[in-house]
Each structure stands twice: as C-alpha cells, then as structure tokens.
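Below is one structure, written out as structure tokens; the observations come after it.
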Amino acid sequence: MSEPPLRTGIGASDADSITLMGRDLATELMGHVTFTELSFLLVRGRMPSSEETRLLDAVLVSLADHGLTPTVLAARLTHTGAPESLQGAIAAGLLGAGSVFLGVVEDTARFLGQVLEAAGSEPSDAALRAAVERAVDEAIGQGRRVPGLGHPIHKVQDPRTPRIYEIAGETGTLGVNLRALRVVDEVHRERTGRALPINGAGVAGAALSDLGFPARLLRGMALLARTAGLVGHLGEEMERPIGMSLYREVDERAEYDPPA
Amino acid sequence: MSEPPLRTGIGASDADSITLMGRDLATELMGHVTFTELSFLLVRGRMPSSEETRLLDAVLVSLADHGLTPTVLAARLTHTGAPESLQGAIAAGLLGAGSVFLGVVEDTARFLGQVLEAAGSEPSDAALRAAVERAVDEAIGQGRRVPGLGHPIHKVQDPRTPRIYEIAGETGTLGVNLRALRVVDEVHRERTGRALPINGAGVAGAALSDLGFPARLLRGMALLARTAGLVGHLGEEMERPIGMSLYREVDERAEYDPPA
Amino acid sequence: MSEPPLRTGIGASDADSITLMGRDLATELMGHVTFTELSFLLVRGRMPSSEETRLLDAVLVSLADHGLTPTVLAARLTHTGAPESLQGAIAAGLLGAGSVFLGVVEDTARFLGQVLEAAGSEPSDAALRAAVERAVDEAIGQGRRVPGLGHPIHKVQDPRTPRIYEIAGETGTLGVNLRALRVVDEVHRERTGRALPINGAGVAGAALSDLGFPARLLRGMALLARTAGLVGHLGEEMERPIGMSLYREVDERAEYDPPA
Amino acid sequence: MSEPPLRTGIGASDADSITLMGRDLATELMGHVTFTELSFLLVRGRMPSSEETRLLDAVLVSLADHGLTPTVLAARLTHTGAPESLQGAIAAGLLGAGSVFLGVVEDTARFLGQVLEAAGSEPSDAALRAAVERAVDEAIGQGRRVPGLGHPIHKVQDPRTPRIYEIAGETGTLGVNLRALRVVDEVHRERTGRALPINGAGVAGAALSDLGFPARLLRGMALLARTAGLVGHLGEEMERPIGMSLYREVDERAEYDPPA
C-alpha cells in the first residue's frame, strides 16, 4: 500500500525553515505580525488590515474573562486536584465553553446570516429592515428568543456593545452584520415593548462575522480569548487558591438526600 | 454558616461595567490594548512596554504551530468523532502539550533560573560564565541533557532562535536569561565538542523569563499560542478533512498481534 | 448571606462511614455488588436483577473497544506528548466519543422512543409494526437514515447484534425496545430492498433503553465502557508505543499546500 | 514509501468478527465475562480468577465516588455551560484526578514496591518488617509523608480499609503488598506515636498491586471507577442542577481585589 500525501496548508518545516500559512515564520512573521494578526491569518487565510486588527483585538479583549464563571471555577477546581498539569486545567476550563455561554456568539452570527441571505449582501436600509422584521417576527411567533439580546447582569446596557460599535465605526469596519444587529435590537424593542440590550456575546458574533470569520469557527476565537483569561486565573490560583476552600464549603453545605 | 468572600483580582462585573485587572474593560482596555498586551497584563499584573509587547508577540507567533504534530493530529481526530464540539477538539489538542513537547520551555527556564540564582541577578560576564560552567558540568556529569539545546529537524540552526535574539536586541529586552542561554550553548559546545543549536522552545523559555513570566506559567503562554494554531487546523479540517482518512489507513495497516 | 444546602443523593461521608446511593459503602456495597451493578445503581437509582446485570455486562463488554479507532489514536498521541498525565490521555480519548461514533447509540434510543410513544408502552405486534412503518416511512420520505442500521465493516451481520438478542432472550430482559428494533430492521428491508444489519451501537442503544437508562445518559454508559478500553490501549502504548512513529510517518507524508 | 504495520494486541475486527485480547468478542466474551473481568483482561492480558474479580470489584466500588468533590464539581460546572457534550463534562471531571487525589493510590504502590524490592518477593515476616522499618525511618528522616496513611475526614478509621482486608482475606488474594501496608501502618505508629489510619486510596493501591497491576496504570483503574461516579452525578445534575446555583453564589460572594 502506498499512502497518499496528507495535505495541509497551515504549517510545515524543514531543516532550515518553518513555514506558516505560506510565509516564512522567522523572516516574514516573527517581529512583523502580532499574535492577533497571526490568529486572523490562520483562520481567514490572509493578513488583516490594521483596522481589522484593531477590531479583532477589541473583540478578543472583550471575551477574555468575566470573573469567577462556571468555566473558570471548573479550571481552578481541576488545578486543585492536578496542579502538575496546567494543560489539564485549561482544557477543563475550555470544555464548559459550549452552547450555553459561547453559543450566543454563534447563534447571533447564524441568525444574522439568515437575515442577510434574505436581504442580500449589501442591502438597502429598507431591505435590511424588512428582512429583520420577518426574522424577528418569526422568532417571536415560534416562541424562540432572538439571540444576542439581553443579559442577566447588564440589564440596561452591556458596556462592551457601544464600545465595539464605536471602534468599528472609527476603523471603517462596521459591516452589514453589525448594522443588521442594531436593526434587530430596534425591531425587537418595537415588537415586544421590552428594551433588551445587545449583549457582549452577540456584538462579538456580529463583529467577527463582519471580519469574515465563518459561524462554525467563531467559537474558536472565543476559546482563544478565554485561554488567556484562564492562564490569568490559574496564575492567581497558584498564589491565592480558592479551589480547595470552595470544595470544603461545598462539602460542609452538602446535604445528603438519598434516592427514594 | 456565613461564607467568607472569594477574592479574585482578575475580573468582576456589575450592572454598568466590567473590570479586568483593575481596569475598566470598555473604556480602558477595549480599543486601547492588543490581545497580546492583555495576556501580558493578565499574568504579570502590569501593562507591558511596547518593546516587551513586541518580544511577546514574536514568542507567541513562534510557538503557534509546527504542522501536523501529535497534538494537532489528536485535535483533528477528536473533531472527526465529535464535530459538534469545537471546544472538545481544542481541549484534546492542548492535553498533549505536556512534558515532552512543552516541557522544554519550562525546563530551560528552570535551568536558567538555577544558574542565575548562583550568578546573581545582574551578573558580570565572568560570574555568569562560571555559574553556567558549574551547571553544565553538573548536568553532563549526571548524564542529564541540558534543556533547550538540540532539535530533531533543525540540526544546525533553529530559525526561530536568531530571530528572537535579534528582536530582543533591537527592542532592548535581551535580558539575563537570554544572555545566559547563549553562554550555556557556548559552554556546552566546548565541553562536548557537539554543536547542538538552541531550539525554539528553549529560546522561548528564556525570552518569557526575561519578560518576567514565572516558570510555572510559561506553559500557559505556549498553550495560548497553540490554541490559535489549533483553531487554524480545525478550520482546515472542516474543509479538507484528514482525520477520517488517517484513521482508515491506520485501520488497514493495523496488524493484530494478540497478547501471549 | 446564608447559603442554602447543596443537595445530592449520590454520595456522602462522615468520620465513620461513606454512603453511596443511600447504602453504606463498606458494609452494603463493597464485596456485595459488582462494579457493573454499582454503575446501574448510580444511574437508575435501584439495584439491577441478576438478569439485568448480565445484559448490562454484555453491553459494556460489547462497547469497550474496537481497535485503533480515531479516539484511541487521539489518546495515544496525547500520551506521546504528556506521558505524565494518564487522565489527560484518557480525557482526550473520550472527547472524540461524540455524535459521529456514539451518537448512534442515542439516536437509535430516541428513534425507538418515538416509535413507542406512538405504539404504546406494551404494544401488540400489530400496533408495534404499524408505528414502526410510520416512523421508517417518514425517515425514508425525508431522506434521513434510520439510526442503528448498517455498518461499514460488518456489512452482512454485526456479530454483536445476535449475541445481545440471545442474552436478552435467555435472561428474559428482551424488552420492547429490542423488539421494536427488530421490526425496524424488517420494515426497512421490505421498504428499501436493502439488507442493512442492525449494528452494535444500535442494539446497545435498544438494550440500554430496555434496561431503563434514559436516552440522554446512554452516552455515559458507552463512555464508561470505552474508558476500560482506553486504559488497555494506554497500557499497551507504554510498552509498544505507536504514537511517535505514527507522527513521524504523518510528518514524512505531509505535503505542504499553502492557502492561495 | 511503504509503511510498516501498526501492531496492537488490544482489538481488531473484520467483516464477520471482532476480536479483543485474542478472544472472539461475541462468542467468548459477551455473556461470558463481566465488565470488571474484561477490564482486568485489558490491562493484565489474562482472565482473572473469580477471587481476583471479587477483590477488583470491591476496589472499583470503593473508588467510584465520594460526593461533591472538586472533580465532581468541575464536571457539573462544565455541564452547566455545555450540556450538549456529556463527554466534555466527564473529561473535565477526570482531568482533576491527578497527583493530589489519585496520586496516593500510585504513591502507595510505589512505596510498597520499593519496600518489597528490598525485602524480596515472598519475604518472611522478619524480612518484611526490617525492610518496612528502613523505608519508614528514611521517610521520617527526610520529612516526607508515608503515603497511604491518614485521612482528613476518617481520622480514626477509613471504613474501606478493613473491608478490603476482609475481602482479600476471604478470597485468598491478600498478597504481599497488603501485608506490607499493614506493617507500614504498625511501624509508623510505633515510630511517631500517631495512629494514622490506612486510607482508602492507599489500601486500593496495595490491593491493585497484589492483583498485578503496574503502578503506572493504577490511576487508570481509579479513573475507570470514577467515570461511573461521574455518570451518576451528571444524571443527577440533569434533574437537580447545582452548577448554575453554585456559580450564582460564588458570583455574589466574589470580592474584587485588584492587583496592586
């Protein structure tokens, strides 16, 4: 049996050089591109403009951490039992970044994608508004939530949302997804009478879509952002541990209630 | 029972604002710092200078990917079976980033840390050389490898190494760890007669140490870098899958050799 | 703030005793129940009969391992990079046990659940047949595959299937799900003219459903079975490693094909 | 390039049959061996006697669960964020089963292994006692803890310990490791004047060693046992969730204490 080649366009190396995305790592990338630019290149297959980089940096910064969330607690508790394996604690922290928390980023992107499929890729304001109305009405009619709206803590305004719009505006990267999301918010408010703010996950989904990331990989960018947050938390856990004391308290409060 | 507070200095949020590392996320961080700067801040507790950022970017870029490595294959094969869970595939890819591959980054940092403990924090060239000689001689005497030297593919020179020294030199961030590593290489060559190049993991360990990252967290920065590479590979796997065909070939080549 | 109790019925301990599922671990479980019986108890909340245990043992044995599958390869490649962390390699091996491979167990259980919802819980042969016909016709009409049928290797018969039916028959545990699956196979063959055998995952899903496991936890029993297989493979990997040589071959065969 | 075969002795399949550990899965294993026997076979390469099976069942049952431990909390919190991926929650739960909690099983086995290397494989009582004295004195002299002794909750007696000795005694499987551990306890009490009970992890390590499992794979058997416990906890989490409420309480109690 003679095996066919395994093709990849990501990376390769030989005795003298390493190549990443078709560029020489040492002479074309190191010292020339930031880690954010490299992350864009790895997924989009081309270098970002400086404006796109500025928006992507803002999105990654906005998603990196939100305090002692379930995924951070899982990472810290994993470190408590296996301090020798930092990769295990980070992996545990990423594993909870699924449909409930990170799903909103993707769900918003998919919802906007459907709106824009109906409205066309460069829709007029009227066409966009009409397509949003149909999509929002359908969601309301079916009793589904419109993704990207509402936040349990930031009830009036999620501070990340106006900031992303501001940066996208300044850099000329405010694309059709961010435009559409604003209309979604407007229409939803009119239809329901409730002012649910656009949340940080939703605005991130729209901004990443405007940057050209496919919906199926948006979660990857959020996971990248969170890895930085997890490294920070695990560094803190090494100095000011809370995993073991959290466990001890849970253990004290546990009330045994056996199955019938 | 009244529970004591759980203290964290990483992140917090209230109705109107989100705070990260003591800074307001929306007004002080988003749009003002890059993701690399935020990653530095999360671990070091202070903002980097632009020179430090440039070195950290180069290190992260250098560690992001090296083609179809065992950890990338594990991630892609995991995606083959569970395409619905991007976080699972990335977690699987990080779990193999342990002592064999990423250990060198940390081992080099620890070895240099011991040298510098003996030589003092700002040693003269002579003091540094003397401390390195003792450490290298001890390693050779005990039959241990000196970490950070040698590479199975880059036998003459690892292309990342001179580039990191160049960038550190240009930015004035070439610290005592990078200095010491160069002396380690020199002394090792003299003692053994073998020219093993400083490898990319070793030079990363020295550079991250010069940036003030503690040895126990160096693996975290490497995991961050690799997460970007894994997102790139999984994006490629979604379009040009190799996991299933790799499995089929393994299955064909598998020769059953039952236990005695 | 006074915290409410956290209630669990699984396990608890005090100075003198450990309780599991309402039973004293040392005096009522250890030495009295097998690990399989305990696993049943942990999920179903009651002890199995010896007949149920025999069927569950057969199902777990049938699912434990199928050679060098993608998940086993992921586990072995993870061990190559992080041999110090057996839990990391096993976790990596479980992470690929998602919708593609283990999904069939659950999908079959859900498909049969819908059939039985229509047919009633103790249906006559005629009622069962009628409900199966509707479900199979609907699947065929919508171009969906009927879950639990067909296997890429065992094209004529999956050897696990008749064996599960035999054991279930002998032990009087052949319930309505296994009955229904046989009718599904029959009807599917009549409708399509194709003889797709009931596969091992499908028959496991039906048998576990007959044992009363809810569809949402079936994957858990399959993961338990696979953990045993993974421990076996990692034990072999420690003595006859294939991870590193597999990587070297992939590396040789990798053909770099940069993005356009 | 013509690839060499990849040899495995664990499992294989062809069109008509599946083989596991050299036995036909359908006709020699399913219905003939329990899952515990299969697990023994997968690691030890031979079938256990019924006495060995009884001891292994007792050990697995003893290790399956201990209530709301850090690893269980990590699994439940992971389920909170990613309920669609049971394998992710179980993987997160296993990742914390590292040096702190499961390490004792292995550490005890290694400590006893060193004692027995000195004492010979079938030592007289006097030779065993002499070897234990040397090992315990050395540990005390170096300020190291003797592994397998002491428990934070079971201060007088761990209820699992006498039960394992009883079952091993009844079944004639009480081997030299369990014998040695009893002497370790005795000598430690004499030397220190402190009565630290042999803990459940320590006695499991000794029993698994007597069953012939190598120290490097003991963690694997403990992970297998815990997978069953995790499936039970996640089943409970689906019906009586505590992950989200635990997070909310942590969030309320979190006190932000920014870095200097």
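A, B, C and D are the chain letters, set down in written order, and residue numbers restart from 1 in every chain.
The rule is short, and it goes like this: a residue touches a chain if its C-beta (ideal position, glycine included) is under 8 Å from a C-beta of that chain, and two chains touch if they have at least 3 such contacts.
Here the structure is a predicted model, which is why all the values come from computation and not from measurement.
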Copy-to-copy rotation for chain C and chain D - C-alpha atoms, rounded to a multiple of 5°: 180
Relative to chain D, chain with the most remote C-alpha centre: A
Chain A and chain B: spacing of chain centres that average the CA atoms, whole Å: 23
Averaged-CA centre spacing for the pair chain C and chain A, given as whole angstrom: 32
Where chain D touches two or more other chains at once, by residue number: 1, 3-4, 6-9, 12, 21, 67-68, 82, 84-85, 87-88, 91-92, 95-98, 102, 246, 249-250, 253-254, 256
Contact graph of the chains (line, ring, star, complete, other): complete
Complex contact set, residues of chain B against chain A: 1, 3-4, 6-18, 20-21, 24-27, 29-31, 33-36, 38-39, 42-43, 54, 56-58, 60-62, 64-68, 85-88, 90-92, 94-98, 102, 153-157, 159-160, 162-164, 166-167, 214, 216-217, 219-221, 223-225, 227-236, 238, 240, 242, 245-246, 249, 252-253
Touch list for chain B against partner chain D, complex: 3-9, 12, 19, 21-22, 45-46, 82, 84-85, 87-88, 91, 95, 249-250, 253-260
Residue ranges of chain A touching chain D (in the complex, touch as defined): 1-3, 67-71, 73-75, 77-85, 88-89, 91-92, 95-102, 243-244, 246-247, 250-251, 254, 256
